[in-house]
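Working notes, beginning with the structure itself.
For reference, chains read A, B, C and D in written order, and residue numbers begin at 1 within each chain.
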């Protein structure tokens, strides 16, 4: 095995972090948690180079960090194929690298894997249950907004979600699966069209919160999107990431956006810990090691506001009062 | 003027572009209403108009700008920045109307930069407005970040969404009303004002326009500012419609705007073009994307179909304007 | 001249969308002659040439070249058949050097790499130098004056060894000297067996060079005959269907009131130019190409200069176009394509652009007023167009010029500057434009005409300012005893004892 | 007549100003970061930008004719995916590359035919092809990047070295030199310029305007396709979503380099320097750990400032260029008239 030698002589350890894209709050938060944690726990400095949601840019970022002779690299790559190349490049330079979320096609470095599929499945289950309880004779019709067919998203989010729905409502039908471009406004426009073609859609899943919020806005424009004290009326909406914007809706008894899941802190910390372990030599940098983190699920019916408050504080540096925010909602 | 065969023939000859677009629209509508029962309904048409509203609002002004031979690639970024700024101000206690005013003024400031570099200093509009595209987009992300995240949503006053979701006279969504207003304004400017006439003159021959005493710099600058103002207004509108401001919205909007304008018959080099043509162009694009989703076509194929429709409608147009061809 | 036909044209017709430019013309062109084509603006002369050279495809008819059917579909076909053309519009590439322009499309090369063909270049340089020794072959064409660009084009046409040389208004922007040299060249080429097709509105040139003449009117061939024994007035009558007399008549309304005074105007090009312009007067500026006429025009219309300018007695700075317009000046610019017309727009939209007040009421543009205005000028200036929406770039040159004049007249300025107002304009239209100028003077307006055509100043102007090398040498009074020899000497820079 | 200038001509050119900006940026980053001014980092930057440089060089020639190609990014993505698919199917890499280049060339042919034969605005024609290409790239691989079953030598192209230089840099060097020669030493360059400057003059001079325009569309497509192959080999997979704003980078490089949208003139060297400026800014700012959003802003400001500098210099030189060598020619005419 290759020894992690680079940088050990330096007084201060420098870590490179490549987020998927800083344009989303999830990734902004993870970068923050990563650098804070590295600084506080290991006295390490962090250099952030944005992957700009492109495998080209992400690989360039890896190369730039190698040129800067950082002591370790944490990569959230947009593409499976490219991840292997990045790992190889880092190893060639003797630099430890840890990958996140996107499994590399070659298993030659430690990897952090949020086990999102469990929570996605669970959300599907809960949503279907709630719908079937409220309207036993209205068949379940699902619409999904994704990022235009990213396979990892399918594996971790959209497929398990629909399986979860089917586990409760076996004849549930997936009536539409369209690209919401990860954007609220685009999702709103697309969802309006979807609801036009399929007005009987009753479970909507946005593969991130922004898209779920766009779907919510679309339903609201059509005079739907409401619940009565947490009882479904027209549809149930689920998202992913678990940020403040989503939580406020989830715990608002009158909104139909009711489920989300997410994880930032554990992922960020696991990245730092794994990198430092490699730098310190306690784990080998070129052996496959999967570190799993959980992505806790929150929904209106089974979760509590204090739990969500805590989650937000830990993961998103949230400093407000969730209950108060929820109360200001209509 | 009486309507007779000759006049219709003449109209068809001079207005081929529009005729072809209308033809394309009709064919598309017939096809779609046969294929999907949900197509032919008031709500669906509302959806389509909502979808193209922002494009048409901005393109109304950008069309006349392109008639002068100039264009603005920064509209998407200015829109995103304005949405964020508006939300940021509202969240931090500025009254909503006040915030709208400030946002509009700042948006005009972005237009002012374009006006300064392109109209006054004579810099290539592509680079100058791409520069602003980068700068405004960067600041949109920064402002959101200063607020503590990538999106601004919670903490907004409840009335924030009222503006975007307002129904004028209880039926017409504000976005559509604003679209009609922008169209009407620019139809009016195009047909009835000096500025409209001068814009065509500038696009047709800048040098001759200067020698005719036309304030070319002033008019180009004014149009840049109006385009940015409309982008800013659209940003406010869009943000308050969804109740959330995201700094990454409207990426590539500049292309949607230019596509509508060029499909509508305006030349990139200026001198020809019309507001009505632009509207038809935007509608072709809007109905195409609406129809593709209604038909449940997967995203990948949508992209292909969209490209084919764009090229196809211009090919049709060429075929009719230029019968000698292929 | 062996008397055989090199070209036989039979029923050649051309229709553009909405316009029939040629209605089936038939005539023959004899080998080794100078064959002139004349006709009003828009008669179809250039269209005929473009059919001959493969730019346009003809709608009907046949052409035989050297007895063989000839149907060029591309410019190359005509070139290969030995037809070399000097088109009416300037067709130079500003970004290339003169040498680059002269060889454009004809370069000797191996695998795309140009070979230095010194023979051709020397030949070209020789031809170029015979016109203008001062320009070097590696000057960028963009930095040349219009006249010099024209010389470059002529050189290009002369460079290739051709059997037929077509020249469409080659002298429109040439000075007398260059024109003379061109004619010498024509004579030499004819002597060496080349057939020349020559189009011009200047009848002197026709009579000087031509052997045969074809007259076009409204897209039809009116007559083809030998020039021998043809009377000038007959020719004009055949061209226009009417008689034209054009002699100097003093402007009736000249007043002692001074409209414009220029004192010691000096720029990089001009030296101490001073003159007065009376109300109701037509003042002519005459000089050779490059003498500084346009420069005088420019200091009155947007260019700064040292010295003093007074408009109606008031000292005024005219360093901005809009200041000049406000002070009551208006310009008909020299280069109508670049600076005059709005080609993509219709006549209706062109005319009001210098003064929208005439088509506005309550601050709004009235379409009905625009229509009225356009119809008025189409009628007053007899602009030949399909209707008022006719796209100006598709009008013939003379009619484009009339649109520019109409645009300027609509400004209703007291002082009108006209730089080469009749360049490329047919005799009939020229007469009409002259009449318009006289009428304006009659209304008390003051007009300055800048021209490089002696005949024009002599026929039109009350006083003639003679320019040489940036200096105004003398202002002479027009009248029956005008001494043209004296004028020629002054503008040529010869010393005259007082 | 020679102008009495204190500065040599090349120093007044836009390209030279750009070059100064480029040098200044390099010095700045070298001073600010220890890791910037190192051979390895420059190799990195060149490797990362080799695809951009190649495509931009070809596209500069195209833009000289007044045309442009927005579909280059889609072509790049499509070609990368196709190349990976063919390689994964077991085709020898050379054959896979040739087939891919042929398919990529199809983009150029269609673009070129749409623009020359059908006279469709290049904006719509190539934007339409961009949508089609993006869709095709996703369709052929089902939305998943192609990475399994690739032969071991798949990544060699971009990782091999020759004569001590990384191969991608050599490819870019050869390609750019080729286009420089085409532009500055062959008739195609001259004709491209003539077409953009005065299309009519070009037609009337017997130049086959359509063939040249079509040829240049094909050349750009070929380079975009080659870039796709290179990028696939670089990242070790065929990724259908790669490099979405590639064409934006290309257009910015070309225009910053001094080639106007309307064509008529252009400079390959200018394009290359401009492209490197953009790359250096990105790389240097990342090394300074500058937040990506600030990077975007700084990029925008530098674009505008560089363009203003260009404009000023151009203005200065225009005044010089048009000073007429008047006196002699006037005198010359005068004597000839006198001689009549």
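What we mean here is this: contacts are C-beta pairs under 8 Å (C-beta built on N, C-alpha and C of every residue); 3 or more make two chains touch, one makes a residue touch a chain.
Just so we're clear, the structure is a prediction, and the values are computed from it rather than from any experiment.
*Asks:* Comparing the two chain pairs, does A-B have more C-beta contacts than B-C, or is it the other way round?
*Replies:* By the number of C-beta pairs in contact, the winner is A-B.
*Asks:* From the centre of chain A, which chain's CA centre is farthest?
*Replies:* Of all chains, C has its centre farthest from that of chain A.
*Asks:* Centroid of chain A to centroid of chain C, CA atoms only: how many Å?
*Replies:* Those two chain centres are 73 Å apart.
*Asks:* Taking each chain's centre as the mean of its CA atoms, how far is chain B from chain C in angstrom?
*Replies:* The computed centroid separation for chain B versus chain C comes out at 44 Å.
*Asks:* Any idea how many Å lie between the Cα centroids of chain A and chain B?
*Replies:* So the centroids are 34 Å from each other.
*Asks:* Taking each chain's centre as the mean position of its Cα atoms, how many Å separate chain A from chain D?
*Replies:* Spacing between the chain centres: roughly 37 Å.
*Asks:* Do you know which chain B residues sit against two or more other chains?
*Replies:* As it turns out, chain B has residues touching two or more other chains at 141, 145, 299-300, 302.
*Asks:* Which residues of chain A are in contact with two or more other chains?
*Replies:* Within chain A, residues 22, 148-149 contact more than one other chain.
*Asks:* Which residues belonging to chain D are in contact with no fewer than two other chains?
*Replies:* Each of 138, 143, 291-293 in chain D touches at least two other chains.
*Asks:* Which chains touch, pair by pair?
*Replies:* Contacting pairs: A-B, A-D, B-C, B-D, C-D.
*Asks:* Mind listing the chain B positions that touch chain C in their complex?
*Replies:* For chain B paired with chain C, touching residues are 13-14, 191-194, 196-198, 200-201, 203-205, 207-215, 271-272.
*Asks:* Enumerate the contact residues on chain A facing chain B in the complex.
*Replies:* Against chain B, chain A makes touches at 22-25, 28-29, 148-149, 175-179, 182-186, 188-190, 192-194, 196-197, 199, 210, 213-214, 217, 220-222, 243-245, 248, 316-317, 320, 325, 328-330.
*Asks:* Okay, in this complex, where on chain D does chain A touch?
*Replies:* 33, 35, 38, 40-41, 44, 47-48, 84, 138, 142-148, 155, 231, 234-239, 241-244, 283, 286-287, 289, 291-293
*Asks:* Please output the residues of chain C touching chain B within their complex, sorted ascending.
*Replies:* Those in contact with chain B are residues 17-18, 301-302, 321-322, 325, 331, 333, 338-345, 349, 352-354, 356, 360, 363-365, 367, 389, 407.
*Asks:* Within the complex, which stretch of chain D touches chain C?
*Replies:* Spelled out, the residues of chain D in touch with chain C are 185-188, 190, 193-194, 197-198, 200-208, 264-265, 321-338, 340.
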